């Protein structure tokens, strides 16, 4: 169904206690800060978060963790110089961590969006992260079976949307946005600008509107 | 390794008797006619061809089939109004056909390029095309195990390349080109124009040069 | 009761009017492409074509014909504002991933349980061609079938069990035909409307009574 | 025999000079990023960063800093002509699909068989973080390790069997270290060059004699 143009608060109303929420971003680049702020304000709790990292500093995902709204995080690289909020929760046993190789995380999300139930990857074979997983030799190469990751709501940081909900991104802030938008039951993209239909080049649209349920226009916020 | 800028004849020298060759295109849109002509002239035989269709009229893939250079074709939709050359070969038992649902064909090619050995898809479950294939229930949905498709040489029709080998496509002629370029041991893209490095927008490049071994510049031919 | 069966155009018009505004729709090759003639420009319905495009417009004529802008039936089409292009793996990610709200497909047979047979009439002399039919039938959120209800010899195409090779199991949600509109849900048939035939006679002829 | 061990910069310079022109290369976070300082602008070597870019240029300074243009270590970088951006699934398709010619990674330990341990020192109090290390080590065509050959207590990091958790099995092709350059091929070690140590003493210290 076609995309709605709504406020961050309205978009976040699709997140409920216990939801699985995917957050785009690699470090702070591409992290949907405005949507995460609305998620913090909503008070939704017991969330499972899917993201590459586990928060930086005190804002965005780190703020959400600090609010004790997150029960579990599925990510590839939680440890960073400024991941102190996660570090403390993890060391005190207050958050569950599922660690996944970065490419496997990306492919599990992409598989969900593409209707692929599971896939075999050579990544991780013979390591701790493959313990308990099925392994199969394909053309002489051992591969691990990995399953698609179900996502209730994706919160994505885009660059520009048109009024139909097509989205383009900016530089390395693209990262997990397109695959998360494709994978979630309800996908929200915050953008810094909305342009009339027809202004984006059809050859250059990265996330077609079919993957987008809601656009949150942050132009005013970005202008400040 | 970085892309070479060579002639169609030189590019086709990478095809040998018995090679598996992928051809982009959906009907005639995106079919690499100049490269296929060079393949016809090369006389390489006993080829396995991977393509969506089995040739139209008398040119391109149909000409290659008519030359008796093809032992087997893996495709989704061989029958067309003007597929008479394939039809005759098939009915007289002179060509082997492996029929694959179109989305499974695309995903098997994409998997090869992405280093995914195999994947589960709901497409085809309970049909003739799943006979003999493993089926597994994932989240209550039966899915068929499909394997990545190995490709020796991909012949792709692009639109514009830069001098590094980055490629963009044009409208629905994009179709199988990007995934075939990513999947083959040796990927050749014919384009109608080559521009200096830096002229293509980095946000809009569809096939980055990492997936391209050779560019064949057809500008003169296209201009005629 | 309408006293005449619907024409093909009338069937297409009914389908178009039942597609909710804002839907993403794929129209199969053949008969279903007629539906596009009846989609209102302001309906906000967006057409997907599996060869790599969203926002497909009407068939191209005259100078608008561009052989690199075609639909799944290889017919030149046009591009509407808001259109986008993508490669085949992404196109079928849309289909398989459940992002297409409705697909409209033709059929040789549909079973009472919603099984669809539409890719191979079963004649061993035919050249088998499946295209995107299996992906669409199993991947789209709703599958509508557009067909005549009876074949030329008068036999029902809605059958207890398909004899032609299946496209997908238990995938058809609704049949739009010349004689009736029929819902299939949880393996049960519900006749919604009949045209030129009484419901009793219809059920007799499809072997439901 | 060179009488001094190599400095980190000298190791990085050796690696850069051994990368063939035209290669697609991924430099891991930490020590390996030093290699980029020694890649000649006309070498036609193209750097991949797994967060979605090919054609990465040097670290950004001053007004060139753009927080949406960063490398895998989250450091602002620049864009070279011919660069392209893509999403994470496409980026790891490049890695997993064998399209990266060479990756250069740091290491805690490398085994004689070429097993790599570089994501978790093994201390249960550490916060485990793997990032793209497993994908790179198993996916790149060649994996080079850049490290000091001995740890601070003088123990060899090239070991019979890794005690730290593995990143990937049998993946390391060559070690560039301060004391030696060592090839690993088909489970066999070959010392190519030594720095500030004799080959005999080196083999003694790594337990190969």
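What to note about this one:
Lettered A, B, C and D in written order, each chain numbered from 1.
Keep this in mind: contacts are C-beta pairs under 8 Å (C-beta built on N, C-alpha and C of every residue); 3 or more make two chains touch, one makes a residue touch a chain.
Quantities reported herein were computed from a predicted structural model and do not represent experimental measurements.
Listing every chain that touches chain B and chain D alike gives A. One inter-chain figure worth recording: chain A and chain D are separated by 28 Å, centre to centre, where each centre is the mean of the chain's CA atoms. The geometric centre of chain A is 33 Å away from that of chain B, both derived from CA atoms.
In terms of their C-alpha centroids, the spacing between chain C and chain D amounts to 54 Å.
Listed for chain B are residues 107, 110, 114-116, 121-122, 169-171, 203, 206, each touching two or more other chains. Residue positions of chain D touching 2 or more other chains, listed in rising order: 79, 85-86, 89, 92, 95-96, 139. Taken as a graph of touching chains, this assembly fits none of the simple shapes: it is neither a line, a ring, a star nor a complete graph.
The chain pairs satisfying the stated touch condition come to A-B, A-C, A-D, B-C, B-D. Within the complex formed with chain D, the residues of chain B that make contact are 1-2, 110, 112-116, 162-164, 166, 182-183, 197-198, 202-203, 205, 208-211. Those residues of chain D that touch chain A in the complex are listed here as 49-53, 66-70, 74, 79, 85-89, 91-92, 95-96, 115, 120, 125-135, 138-139, 165-169.
Touching chain A in their complex are the following residues of chain B: 107, 111, 114-122, 136, 138-139, 141, 143, 147-148, 150, 168-171, 201, 203-204, 206. Remark: chain A residues 26-30, 52, 76-80, 83, 86-87, 90-91, 97, 99-107, 109-110, 121-129, 169-179, 206 touch chain D in the complex.
On the chain D side of its complex with chain B, the touching residues are 20-24, 44, 46, 48, 54-55, 79, 81-86, 89, 92-101, 139.
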